[in-house]
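Could you have a look at this structure, given as structure tokens, before my questions?
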Amino acid sequence: MSQALFLSDNAARVHPSVWEAMQAADAPDSPYDGDAVSAALDEKFSALFGRECAALWVATGTAANCLALATMVQPHGGVVCHEEAHIEVDEGGAPGFYLHGAKLLLGQGEGAKLTPDAIRAVIDPIRDDVHQVQPHAISITQASEYGRSYRPDELAQISALARERGLGLHMDGARFGNAAAFLGLPAAEVAGDVDALSFGFVKNGGMSAEAIVFFDASLADVARYRRKRAGHLQSKGRYLAAQIHAMLEGDLWLANARAANDAAQEIASACSDRLMHPVEANELFVNCTAAEREVLRGQGFAFYDWGDDAARFVTAWNTREEDARALATAIAAL
Amino acid sequence: MSQALFLSDNAARVHPSVWEAMQAADAPDSPYDGDAVSAALDEKFSALFGRECAALWVATGTAANCLALATMVQPHGGVVCHEEAHIEVDEGGAPGFYLHGAKLLLGQGEGAKLTPDAIRAVIDPIRDDVHQVQPHAISITQASEYGRSYRPDELAQISALARERGLGLHMDGARFGNAAAFLGLPAAEVAGDVDALSFGFVKNGGMSAEAIVFFDASLADVARYRRKRAGHLQSKGRYLAAQIHAMLEGDLWLANARAANDAAQEIASACSDRLMHPVEANELFVNCTAAEREVLRGQGFAFYDWGDDAARFVTAWNTREEDARALATAIAAL
Amino acid sequence: MSQALFLSDNAARVHPSVWEAMQAADAPDSPYDGDAVSAALDEKFSALFGRECAALWVATGTAANCLALATMVQPHGGVVCHEEAHIEVDEGGAPGFYLHGAKLLLGQGEGAKLTPDAIRAVIDPIRDDVHQVQPHAISITQASEYGRSYRPDELAQISALARERGLGLHMDGARFGNAAAFLGLPAAEVAGDVDALSFGFVKNGGMSAEAIVFFDASLADVARYRRKRAGHLQSKGRYLAAQIHAMLEGDLWLANARAANDAAQEIASACSDRLMHPVEANELFVNCTAAEREVLRGQGFAFYDWGDDAARFVTAWNTREEDARALATAIAAL
Amino acid sequence: MSQALFLSDNAARVHPSVWEAMQAADAPDSPYDGDAVSAALDEKFSALFGRECAALWVATGTAANCLALATMVQPHGGVVCHEEAHIEVDEGGAPGFYLHGAKLLLGQGEGAKLTPDAIRAVIDPIRDDVHQVQPHAISITQASEYGRSYRPDELAQISALARERGLGLHMDGARFGNAAAFLGLPAAEVAGDVDALSFGFVKNGGMSAEAIVFFDASLADVARYRRKRAGHLQSKGRYLAAQIHAMLEGDLWLANARAANDAAQEIASACSDRLMHPVEANELFVNCTAAEREVLRGQGFAFYDWGDDAARFVTAWNTREEDARALATAIAAL
């Protein structure tokens, strides 16, 4: 019995077009980000977002998130984020390292999404004195850790609040493509008016390249130094840049994300009564007992438990339609 | 006129065997370093060095060096290194970041190599009180920044001093292969009795994977947390592990390094009177005037100036024999 | 109308004996902590606690807490503390600074006290992998931020848990004297089996000297370097040491704390039905309306609001009996 | 035989006026820097320097220097200072801590003074790329570590260079008073056009208070947060503020410095042929053999060796005229 993997999109195969682009970059070129492939990234992202961008490749989402935030947050400041945000829960304390001890200020909200009210509930009680850590930035995740997508008006409200309070605004877009595919909107509207976006490709068909997209060039200037200082400036950077180009080319990032989302919807349609969260990307959180999970695993499906009473299924760009259908059927039959 | 590149080995092509191994790793496996390819690294390095090793992949030499040192040096301590060491000169302050403000204590020595006397000249004048930063570790580079290789007895003296003073000992082996190829000795003798080795592959035919080899497992345990915290734990780590396996397989690392060294010797033989340093790896520092450099560049050779009166030529695993010969001839003809 | 101050004990006068001791230290002596007065501290604290101690003076409780914790917690680790602990709420992010980005892991518990269950509720859900920050130490406050005192058996349970899990244990004793006075127990039993105690004197009649008492000499060795590195090694340290000696002499610290506690009890007895927390030190949290607080302020009492529906009153070593009585009467008359 | 102390000015007695001012501040007031005494500092310094100042007290020169620099230097940047500067040599790595790993970039210059040429020799060779730490600020010491004073035109040249290169400028004024007394110029001319001055009082008759004087209010706003975060915001700050007021009152700081300088000149006049450096403050570096030092110590003079062939004598505000004369005579008689 072969296994159908729904563990995570973070270990899926690399897309053939990405392989090709990497191999096409094999000719020697200048090291670090001095090569032609890296140099062409700004223009590509500027075209995609319809405004001036400066983009830096890095190897991981953790590095992308933390380098982005490091440009907005002084060591004595804080970052408002959801209490279930990846930067809080799953990055091994990386924000504490990159931000030199700055503090994550935790908010709540359905579906791991922040709202202006939730943000105000975090920052309004902070006394405006030196005894308490003051907020310097907000970080939101698109799609969220529960696979929920922010709508443009929600983003507009959050960015308005950020401007009003003089806070930086960062978006963790590890699954930005999945949000865009779900929303069916241009990238610019999916990102909203953030200062920096961690644009994820690794979960979406890439191998080892994420982009930090800065909409404020002065932040990118700082990030360049910080990236080197963090040991993230790879000498053969052209192989990372090539991955990103391949993903942007012909909107492969969108196509891949759509494929993953479609697979997720296929499954969702079979278990809508069991869903803990609406499926707005490529993750499903499905109520089911330990016994039921046992049954599914017995049928060859691999996935993570989510607490005691649920399971998490993640689809990827290369999830086979028949596997998604099989899982849908299996869940329906529980 | 085509260009013959002697700029640096850090942007050379990726070796075909490395490509193959990466593609062979394309099947999904556990993320991070939970995959089978990553798990097999410890054994491979243990076999190579003839003693128990724990090995972690990372994307860059800077990350390797700094993560290794972070396991030996407290934030209030210092690291003795050569004043021309890469960690001091060319890593954008990464040691300050990874070591949380620990200090580099700079020594001198011919060919960018440290000697026990040079180390003592740094640490003996340090007053043993809280007003001065105390040394916690020593870092040496094999081969050195001037392409010089430490002999086993030199290493033995340095490690004896480190033990005597209770200091950690780290080796930056960005060009470890070149040193090994030059010395013609087993890897264990080329490394000596260090606590951790940054074993470089990127300059030697790899794409984006270096190894930190710990000879003390407790240090590796700490490094694992620090690697994640630094955003260097890639989710598709198997592609990095695969590169390293390919390099170790059949001692490709040695073969590649030998090829680079041979090219360097070919050139060296033509300009022995101009050499600033004996050629003990794959770098040549050649005295020549600006006018002479102009001539060489006019003939299609690419390389860096080294100050006002010299040039640096670096060969790589894929330097063509005819290019090396042509450069040798051209220099001889100056 | 003169004002009766119940704002905080942190700005009270300096006790006459402390002044005298400072002046007695005016003769020149060795700088930093090389003077005879500083050197005598270890012995004094060892006698008080009945076991070997190493004590370092610092100027503030924040510095004491953070320097103590820095000896137990690596930058990639975490500290379990109460969500209302001073280190979390009121130290301006100092732990993030001193611990180089280590994380505070927040627990809950009545009266701002932690219990073994509360600690387990924090640390047991932490996955034992590199993606989550692992606990390295526990910090508790004696008396707590709500003026509650840990009993010896409560301390024994917490220290047993700390040992079992291999965690350091720190006590923030900004009001250690008040806890000791309330409990009526020897200092050793009030401290329990912690690794380091921030022994507060500034709130209890001192001017600018707190002690970090280490019950593990190796931690003190590290702290000495960290203190200097933090700019807390004052050159005329003898004036700080003298303050501490004066406070320990004839158990002035206990007498002062008793005076403060007695005043608190005087007030408590008049409003037991309004108390949010039992009064086990020198702080009272009293339910009362904004209108009632207005009345009290109109009568010359100064104090802080505690949220919308309560007031906080803090007594000090020099709170006058008549003022305490007057406040008691005034509250009773509300 | 009584001892005449020339070890350092850092452990001298506290001036009677300082004691008085501290005692006058004993009445309770708002904690931290909310008291009236602290609040009055800005005005006092503004009057002294003839321009708007914001002043913060801290307990040590190390804290003053590092907090000042932390407002000008990002963690990935560097500070140009003399290789014998106190921040490099004697602060236990505090800059690495406070600046989060920023680097000290070491210059040379006679008498531990920097010149524009010396500064350019440090910063001009730094490649303007992310691989090398870029300078963010310059720090100079007035009077220098060898007791040399910068003249106004020297300061003007340095500040012009700082402006030209966009660098912050900090002055370590641990012995600012001695420089001012030597130069006989207004404070503003002794400070020149720096962004922040660490104005030392502890070595000059104070007990435990130094001032960071900011000539740019926005820097002070940052420093306030950093001071708290470093545990340097004492709750009874009024006792520190009072010390500074006492020192400024009637220019006591100048009178004290003059007394120390006069004593130094008295000694200098007896050994001008032995002086390693012109005496422009209150320190003397005197060539003398070990045997000669033995003789002087036998006569009751206490001082530090300076290497193998010299002695360092430091006078203080309270050095007795007869002691200075006696030392002068003794040296002359060697």
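Residue numbering begins at 1 within each chain, and the chains themselves are lettered A, B, C and D in the order written.
Operating definition for what follows: a residue touches a chain if its C-beta (ideal position, glycine included) is under 8 Å from a C-beta of that chain, and two chains touch if they have at least 3 such contacts.
Everything numeric in this text was worked out from a predicted model, so none of it was measured.
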item	value
Selected interface, A-D versus A-C, where C-beta contact pairs are more numerous	A-C
Chain separated most widely from chain A, comparing mean CA positions	D
Distance from the mean Cα position of chain D to that of chain A, given in whole angstrom	50
Chain centre separation in whole Å, for chain B relative to chain A (CA means)	34
Centroid spacing, where centroids are CA-atom means, of chain A and chain C in whole angstrom	43
Residue numbers of chain C (touch at least two other chains)	75-76, 91-93, 96-97, 100, 130-131, 225, 228-229, 233
Chain A partner contacts - residues on chain C that touch it in the complex	75-76, 78, 89-93, 95-97, 99-103, 130-133
In the complex with chain A, residue positions of chain D that touch it	74-76, 100, 130-131, 134, 222, 224-229, 233
Chain B to chain A touching residues, read off their complex	5, 7-8, 10-14, 19, 23, 26-31, 35, 58-64, 66-67, 91-94, 96-98, 202-203, 207-208, 225, 228-236, 238-240
